[in-house]
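We call the chains A, B and C, going by the order they appear; numbering starts again at 1 in every chain.
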Amino acid sequence: MDESSVRRRILWDKLFKGIIILLTFCSILPMFFILFFITSKGISAVNWSFLTQLPKPVGEMGGGISNAIIGTFMLVAISTVFSVPLGIFAGIFLSEYRNGRFVYFTRLCVETLQGIPSIVIGIVAYMWVVVQMGSFSALSGGVALGLMMLPVIVTATEETLKLIPEGLREASLALGVSYPRTILKVILPAGLSGILTGILLSIARVAGETAPLLFTAFGSPFMNLHILKPINSLPLMIFNYATSPYPEWHTLAWGASFVLIVFVLGLNLLTKVVIKRWKVQF
Amino acid sequence: MESAVLKIENFSAFFGENQVLKEIDLSISRNRITAIMGPSGCGKTTLIRCINRMHELIPNAGVSGKIFLDNEDIYATDPIIVRRQIGMVFQKPNPFPMMSIYDNVIAGYNLNGIRLAKDEKDRVVEESLRKAALWEEVKEALHRRGTFLSGGQQQRLCIARALAMGPAVLLLDEPTSALDPKATSHIEELIVQLKDTVTIVLVTHNIGQAARVSDFTAFLYLGELIEFGPTGRLFTAPKDKRTEEYLTGKFG
Amino acid sequence: MDRYKSGLSDSSFRKVLYVAGGCVLVLLLAIFLSLVVASFPAIRNFGVRFLVSTTWDPVRSEFGAFPFLVGTLATSFLALIISVIFSIPISIFLGEYFTQGTTSTFIKSIIELLAGVPSVIYGFCGLFLLSPVVRSLEVKLGVPPYGVGIFTASLVLSIMIIPYSASIGREVISLVPSDLKEAALSLGATRFEVIRKVVLPYAYSGIFAGIFLSMGRALGETMAVTMVIGNSNLIPKSIFSPGNTLASIIANEFTEATGSLYLASLIELGLVLFIVTTIINVLGKLIIRRMGVGV
């Protein structure tokens, strides 16, 4: 083996590693750009009145995003109510029954649901709720977001429960505990951290969704606590304000973006805390 | 005269079409330790799982024949009631990891929704932990989770948990296979002490353990009960050639 | 012979579980059927022509999906190509060179965070930060300086889909059996050669599936694309032209759609999107599951 060819190969090796490292670090740059710009442009807009006031009409100074914040919470609450109980039970179903065609197709459906574009979910919620009710509403927005949360919760529950060792179930059954109680009082609590993580992550995902709300929740300049009326949300507001021609509204949009991203990233961090604190070691 | 707390009559067990226990006739004496031994696959674990009706939880599992607990046909009773009267301890200690030691012991009541007054609960917990020779070691840490306990201690916790239900029979499925020798000998001492309180059926693949601990021994091979008798007699003068071969280590 | 079959304890609980599973099935079916039924006026009116017709004119009630198919495919493919340049290196970085430790956790976290940023924020940043840059590039190139258009949308989209193909790629690469790699290394191969000749060929189909899946994601992406694609219903002439995707046209025009044919046509676009993304996602996941990776 002649030395110069070996040296060449070693050079290529080092070059390759360098390129890999360079490209990797380049690809994480956008994150820093986004964080930097949102923080620098948004943080100046955020103050107490920003968080607690309603948006003002164009031309008037000030105003806030309180209705969007409350709206986001309300929509998330509605979607959680729709998706969590069904999602957990469907997840239990998939982890208890592993074989059979019904189970296979159900699992396939969950995966398909997860891949449906959010705008299509919006169309469906529009047809199912808005058209039936005759108006836009927080309820329809909650239904849309619930449809998006559902597959994530099913999968998280199924994967978590599959990891729980048989011994736990046997210990409970051998004590004369019935099957339903074993699942609900022993297996589910043992999987709490994984299921909770799935719920938090899906909340983080839907809190930032706009497309499914465009023609369901629709948005509103007013504060609304009524689930049958249109409602605003942070992402909707950001979209409307960012695409408007008014610079005052652009500033509000930066502020709202800052609040939204803090919320979403905060939830992601929270899940790490949940895992650490509640994860059961077997 | 030994009185029988468990009578197994012409009992067979199946996985689908595959017969794993063949017409077993066996009598378990009250307040005695009966060891069930045999090579891997002989059906000893299946047998005790039929006694507490856990075998039938496996899909396609079936049984025939009868098992009587204090003259009641356990297959004519609700399996949940049977399991509350017959406790089981498993090969790998399985305390509930999300519960405290206290809650683990009383789990049989809590999970079944059986309400007890606080002092009643305390009494049950202390009594069970004392019987399991674990009280002194954990009495200061009752409300901590059991995960810091050693393997042997966890197993004793599982024994306490089973005893707390006041079962007539305690089934032990190779309770020391996953433990080190020191923990093993502690558990063996404990088992001998326990026989005054409860009837014990001990499945073991450790011939020495059966010899050390049990009053009666049953030898199972390929699903059949080959020989059954007082431990001393069976070990020194086995009647069946297969028993003798197993005891001398020719197979299994 | 009396056989006591294994009994079900508490059959009503089990029934609840089955119902829960069934609900999921029913939901998906209902979604699909609702889309089909609601698109029916458009399907009946235009038939297959819908997919190739190039006019989208609400005033004259002529609806054709072709410009949006072009927009969707153009943005997604371009985004895919750009993202692959980064996601494969990231997969190799995390799967081969830095599998444990602080750097690994750091990069992994950032990639996760990138996936967590809401689409509307990507669109917002794309509109205010990226499009001025693209505009000046267009000025230099002598093309109409819209700033927004297919190119900008593809750039934003590519950043958004990097995390998906990167994480699947990383898992697949880390699953390559180490004895294969060690065999090559012990024969005197450099790390680069091992990656090129052992790791990548082994992990090839998994990486491909990951890229495939990220395309499914790109096809359905709405908000970021809507905000930077320029909203034109004509077939884009170059990558710097404005356009629309299936998702963005729905987002832009749904609330203003008057007349049932208009709405049905928009919903039919949604149906097309649904079918395409479903096929891609199911295929991609099938390939990945064959490779033993949990998705």
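Just so we're on the same page, contacts are C-beta pairs under 8 Å (C-beta built on N, C-alpha and C of every residue); 3 or more make two chains touch, one makes a residue touch a chain.
This one's a predicted model, so the numbers in the text were calculated from it and none came from an experiment.
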Taking each chain's centre as the mean of its CA atoms, the one lying farthest from the centre of chain A is chain B
By mean Cα position, the chain sitting nearest the middle: A
Any chance you could check whether A-C or A-B wins on number of contacting C-beta pairs? A-C
With centres defined as the mean C-alpha position, give me the chain B-chain C separation in Å. 55
When the C-alpha atoms of chain A and chain C are each averaged to a single point, how far apart are the two points in Å? 17
Need the CA-centroid distance for the pair chain A / chain B, whole Å please. 48
Hunt down the residues of chain C that sit against at least two other chains at once, touch-wise. 9
Going through chain A residue by residue, note those that touch at least 2 other chains and give them in order. 178
Mind pulling the chain B residues that touch 2 or more other chains? 57, 80
Spell out the residues on chain A that touch chain B in their complex, using ranges where they run on. 165, 167-168, 170-178, 181-182, 185-186, 189-190, 192, 280-282
Can you name the residues of chain A that touch chain C in the complex? 1, 9-10, 12-13, 16-17, 19-21, 23-24, 26-28, 30-31, 33-34, 37-38, 86, 89-90, 92-94, 96-97, 102-103, 105-106, 108-124, 126-128, 147, 150, 154, 159, 178-180, 183, 204-205, 207-211, 214-215, 218, 235, 238-239, 242-243, 250, 253-254, 257, 260-261, 264-265, 268
Please output the residues of chain C touching chain A within their complex, sorted ascending. 8-10, 13-14, 16-18, 20-25, 27-28, 31, 34-35, 38, 85-87, 89-90, 92-93, 97, 107, 110-114, 116-125, 127-129, 159, 162, 166, 188, 190-193, 195, 216, 219-223, 227, 247, 250-251, 254-255, 266-267, 270, 273-274, 277-278, 280-282, 285, 294
Would you pull the chain B residues touching chain A in the complex into a rising list? 52, 54, 57, 80-85, 87-88, 90, 92, 94-98, 107-108, 111-113, 147, 158, 161-162, 165
